[in-house]
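You will see chain A twice below: alongside chain B first, and alongside chain C after that.
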Partner chain A sequence: MATELGPTPVKPASGAAPVHHGPKGVGEDNKILSQGKWATWLLAPTIIALGIVIVYPIISAIVMSFQKDAGLDPVTGLFTAGGPAGIQNYVNWLGQQCAAQGGGTVACPPGTLGGQFWTATGTTFLFTVVTVAFETVLGFWMAMIMSRTFKGRGLVRAAVLVPWAIPTAVTAQLWLFMFDFNGIINKLFNVSILWTGSEWPAKWAVIIADTWKTTPFMALLILAGLQMIPAEVYEAAKVDGTTAWQRFRLITLPLVKPALMVAILFRTLDALRMFDLPYILTGGANNTTTLSILVINQIRQGFNSAAALSTITFIIIFLVAFIFVRFLGANVVEQSGATGKGKK
Partner chain B sequence: MKTPRFLLPAATAGVLALTLSACGGGGGGGTTGGGGTDAEANLDSRGPITYVQGKDNSNVVRPLIEKWNAAHPDEKVTFKEQTDQADQQHDDLVQNFQAKNADYDVASVDVVWTAEFAAKGWLQPLKDKMAVETEGMLEPTVEAGSYKGTLYAAPVSSDGGILYYRKDLVPEAPKTWAEMMEMCSIAKANNIGCYSGQFKQYEGLTVNASEAINSAGGSVLDDEGKPNLNTPEAEEGLNNLVEAFKNGNIPAEAITYQEEESRRAFQEGKLLFLRNWPYVYNLATTEGSSQVKDVLGMAALPGADGPGASSLGGHSAAISVYSDHKATALDFVKFLIEEEQQKFFATQGSLAPVFGALYEDQELVAKLPYLPVLKTSIENAVPRPVTPFYPAVTQAIQENAYAALKGEKPAKDALSDMQKSIETAGAGS
Partner chain C sequence: MTTTAASTALRAEQDKGRKASQTREKWASARTYISAAVILVWCLAPAYWMVVTAFREVGFTYDTTPWPTHVTLDNFITAFDTSFGNRFGQALLNSIFIGVTVTVISLVIGVFAAYALARLNFRFKYLVLGFILGASMFPGVALITPLFQLFTNIGWMGSYQALIIPNISFVLPLTVYTLTSFFREMPWELEESARVDGCTQGQAFRKVIMPLAAPAIFTTAILAFISSWNEFLIASQLSNEATKPVTVAIASFAGAQPNQIPYTAIMAAGTIVTIPLVILVLVFQRKIVAGLTAGAVK
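Here is the complex of A and B:
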């Protein structure tokens, strides 16, 4: 199209050729043109707004991540700007190196944030894999129930949504009370586990709370997928004498897969950013520090280093999303691509 | 024609973003101290100002500001209320100071932030023309408002740890840690836990661990702000806690306790001794469910051979160097620390005063019976490590003390890791 917009826009009708509505008058063509103009102006505010709230902060963070954090001038006792750092901030995080006293770096001792990068990454992925797995299975099950027709279905659907509707911070505080040593969970099961006091109970506490909270989200997305499947398909299969398991495996699963993959993708990206639950439940103790918690803690100790860490987190999440979309066929971005494929 | 037109807004947005990011880059790198010129500007200027503080839960700030405004119609103070979360208050102040916001004239600063903000060059030094009288204030509160020998924040309220105990089981409060540990046999005989503080991995653990270290004669940082943890005193202090966990004098569940969990355990009669803040007094004596209403005893924290060294809490009022009306700001700060206002803070908000004399005020003591004990506590208090790297220091203390209390590493190793961590924090210049 662009090549035709040279000095002679005499026969713009050819530009509209792909639209096979038959020949149009000049007025119609002007309308298309002016519509394009309109669209441009109507879109402009959005694009500018996106530029300010998305592009600018990202670029700014990346710029900051190549700066050193402010250091203390030993004479005046005041902070001075750190100056350019090159990729040192990134090297420090990935290699778990901390500034040494006489200049240079040493391996970060326990008790520094720098020494937690790889454990935090591991913890984040552990939480992601385990919670998303639980949520998918439970969510699927809940969606199957909700998609049936039965008395009180509306009530069940509303009830299922409750955990999702509660703000995460409130959820976390509720679970903190329940996981208390004198809390309901220990009383109910007649055990005395220090839920937030050692590594695996703390991790399970986070996983349980997160699963409770976000399974409804999963269930809703899967339910939407289930309702796209026409009832006739099942009827036909029944006539053919299939078992329930066969119907589930050969009809439900393949047909719900697009919705399911999108749901898993959303949840995975969400879980990789997990912050409030572990922050409130354990404060990041007992190896429950996720990357997001690490970023927040680092912000208090130095913005620029925190910017580097959030850039690393951003790249990690981006890679995961990329793998999902590219290799697992979670088609969330290219809706038009999907329909195009169908046409071929 | 179409293409260029379409691109125009996008290009605008792009350029805009680039320009903005250029500014951002400058701002990001510009966390300088300096402050020389800002600190000398607007010293005589008067006009309306803003006072910034965390959530005014007990409604003490608003009446005071109304009182001030009635007397100073041309220099009105507006109250900017932050959330009740200390971390969020801190971050809000950082953002606004970093942006050189002139609307944050006077801010309420937690004692542990003073050094950081002062070193960033955000706080007006309270000296010469801007001096504030600190005569009669409890020494540790003034120390906590100072950085490198200069007062940066005027103490407004203070806080210290108190040892609560069961009068019915313990006739006289223990003076030293060793005495208290001996009395733990009484707890055992009554089938309750002996002692608890706050040992979850959070700010409260820094408070408790520093108290243990300071009470045993050690210190986290030396006078020059360098870590000083590889000492026998520090080891003894931390070991006191480690041992108590090991032999059950501190119940195992205390590793999950923050202030509230430990208070509930004590109120339910499950503990003989509790280290906590003064706020417990009101709740433990008035709450219907409290088992210790009539048997609540209070004493100074036990130390090595006398009162222990409490960690100091409380807030100070600081003036921003970016304020446009510093003369008014200074007057307002002086107003906040006047005796009359201090009394009001104490009676209305249960905030401990900073003037020693007020702790003997009969009227106040009648209302807040813990004042004499609290005075001993604050007089012997050690400000939590005064350092511009406080966030890194508290992280180092929390993580390593926690590991030691759980028995994952010996106290000696934990302290040496603390030492190393704090060293790296101060080395990044």
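Here is the complex of A and C:
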């Protein structure tokens, strides 16, 4: 862990990107050396702590994922010894293969965890795409409203913090109650749907509850972006005789795009690891099992196999983040006041 | 002749335009209020329903009268009742203990890092910033498996430290980047003048910057505490009956009948867990919003 500290001269050019928010003082160059030393000491506790709580578990998860699970096989009931497994755990998950009697593997029977990998991946991406799309549209709309001046604006801005402040576990129980067969939602819309009883209602229940819970966060991020746009730009455009739609398309959208992309990135990464809400709301039943739920269910059936699955999940999230930063121009580090080697 | 007609027509057109724009403005303002009302209802109605149900008699759990009816405090007593195996009171204490410990540790460690990142010039600064931002987006499931095995092996399963240490993995990065962006906006000229007056950098930090930074640190502490308070995934796997926090307790709340979910008691428990947070958030609304969005825009 200590190797990650401060100014170790490995890649000379890595910090050479233009400095946007450096200290504004003058005559700083003679202090760089002493500042580097200072910085090392100040950063050391954080880097060491994160090394212990994040880097160490990640490395040991990767090491574990190349080991065989010892113990009784849950499917065959035979004792299997531990030892190195190569990439077998990964092959098993991706190919949905389970250990067969007498060695080798067979396609996992339906209902076992091993047979759920691709459906769980599909569900995770479905939840992510749909909830983030809803949250972006709704959040943008809310932010546009909240950026206007009207009486009671403070009240609205306070109100959007309420869903955000309620713990997800409580949110899940609350929506479970509202989605109950005798609950308020069926009464209100005069329908009789067993929301958690079959696939699509269950999925919609998760999507609606998640949208309710996290749209405020999106709205606030977009609002902060909107407020960075100077009012004069709009006034000038108005003088030039533009329509409201033109102003939205040609001023608001491009200027808010950096903040919007970061908000979408944050929410996407958060949605990809979704756990609490479906775990409590549906228990993962009716094809609402996300990758995170699958990992948790696997832990007690074999650490090493679970470690392989969690590594796959991690790689998926990492790839999505990479695509966002690389190809969609979501520059997180620049947005948060710096440049250079951001999330990769 | 034609020109006068044209100019009259033009004037009439302009008049019409002005009137139309006035009506349009009125409409726009009405639309804003309607939209604001829709946002209010969408955000508050579910929370309102939780509170209304929390105060309703068990027999009227599914009553859908929109205002409070059959009001009772029994559910709050039931929520703390331990006879069905719920230990909500203990869980509340656990959550407070875990949340405060995680917040204090993260702040004590993170405040130095944030100062360095906001204030000092050094190599690999952006690498460190990227690493910390990346860490805050880290999926909890990627940590849980090795920790589960490790804590089982060393007999820490269900202990408080097994719940506190993993929480640091997401609270500390959050603390560092929120504080960093708060620190960037502070009047650092004061530090310069303190140094001109003969303070060392350390003294300037303690005597000038710390008092100025107090509101930022307090806001960050609230955000850190909330994120620890809301944690569920890790606690649901690594805690036991005695150490489980409120989120886990509420998710597995048992009632008198095994196959009937005690919704009114759960809503009462949810209300108890939520109300302090909501009050805290509303009181410090401005600062909280600034802190929340600090990492993303600036």
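The working rule: the second predicted complex is superposed on the first by the 291 of 344 C-alpha atoms of A that agree within 3 Å, B and C clash if a C-alpha of one lies under 4 Å from a C-alpha of the other, contacts with A are read in each partner's own complex, and residues count from 1 in each chain.
Keep in mind that, in the parts below, contacts are C-beta pairs under 8 Å (C-beta built on N, C-alpha and C of every residue); 3 or more make two chains touch, one makes a residue touch a chain.
Predicted model only: the values in this text are computed from it and were never measured.
Participant: Between chain B and chain C, whom does A:Gly83 touch in the aligned arrangement: first, second, both, or neither?
Facilitator: The answer is first: A:Gly83 touches chain B but not chain C.
Participant: Is A:Cys98 in contact with chain B, with chain C, with both, or with neither (first, second, both, neither)?
Facilitator: So A:Cys98 only meets chain B here.
Participant: Classify the contacts of A:Leu113 with the two partner chains as first (chain B alone), second (chain C alone), both, or neither.
Facilitator: First partner only, chain B.
Participant: What is the contact status of A:Thr168 with respect to chain B (first) and chain C (second): first, second, both, or neither?
Facilitator: second
Participant: Could you look at A:Pro201 and tell me whether it touches chain B, chain C, both or neither (first, second, both, neither)?
Facilitator: Neither partner.
Participant: After the superposition on A, what does A:Ile47 contact: first (chain B), second (chain C), both or neither?
Facilitator: Both partners.
Participant: Identify which of chain B and chain C touches the larger number of residues of chain A.
Facilitator: Chain A has more residues touched by C than by the other partner.
Participant: Of the two partner chains, chain B (first) and chain C (second), which one does A:Asp69 touch, if any: first, second, both, or neither?
Facilitator: After superposition on chain A, A:Asp69 lies in contact with chain B alone.
Participant: Determine where on chain A the residues touched by chain B overlap those touched by chain C, and list them.
Facilitator: Residues 9, 36, 40-41, 43, 47, 50, 52, 56, 60, 64, 180, 182, 299, 303, 307, which sit in both footprints.
Participant: In the complex formed with chain B, which residues of chain A make contact?
Facilitator: Of all residues in chain A, those touching chain B are 1-2, 5, 9, 33, 36-37, 40-41, 43-44, 47-48, 50-52, 55-56, 59-60, 63-64, 67-73, 76-83, 98-103, 106, 108-114, 180-182, 192, 194-198, 282-286, 297, 299-304, 307.
Participant: Chain A touches which residues of chain C in the complex?
Facilitator: Within the complex, chain C touches chain A at residues 29, 32-33, 35-36, 39-40, 42-44, 46-47, 49-50, 53, 62, 64, 109-110, 112-113, 115-117, 119-135, 137-150, 165-166, 168-169, 172-173, 176-177, 180-181, 184, 188, 192, 201, 226, 229-230, 232-233, 236-237, 246-248, 250-251, 253, 261, 263, 266-267, 270, 273-274, 277-278, 280-282, 285, 288-289, 292-298.
Participant: In the complex formed with chain C, which residues of chain A make contact?
Facilitator: Result: residues 4, 6-9, 14-15, 17, 19, 21-25, 28, 31-32, 35-36, 38-43, 45-47, 49-50, 52-54, 56-58, 60-61, 64, 141-142, 145-146, 148, 150, 152-170, 172-178, 180, 182-184, 187-188, 212, 216-217, 220-221, 223-225, 228, 258-259, 262-263, 266, 269-270, 272-273, 275-276, 279-280, 291-292, 295-296, 299, 303, 306-307, 310-311, 313-314, 317, 321, 332-333, 335-344 of chain A touch chain C.
Participant: Would you pull the chain B residues touching chain A in the complex into a rising list?
Facilitator: 1-3, 5-6, 8-10, 12-14, 16-18, 20-21, 24-25, 28-35, 87, 90-91, 118-121, 147-148, 200-202, 252-253, 255-256, 261, 264-265, 268, 388-389, 391-392, 395-400, 402-403, 406, 417-418, 420-421, 423-429
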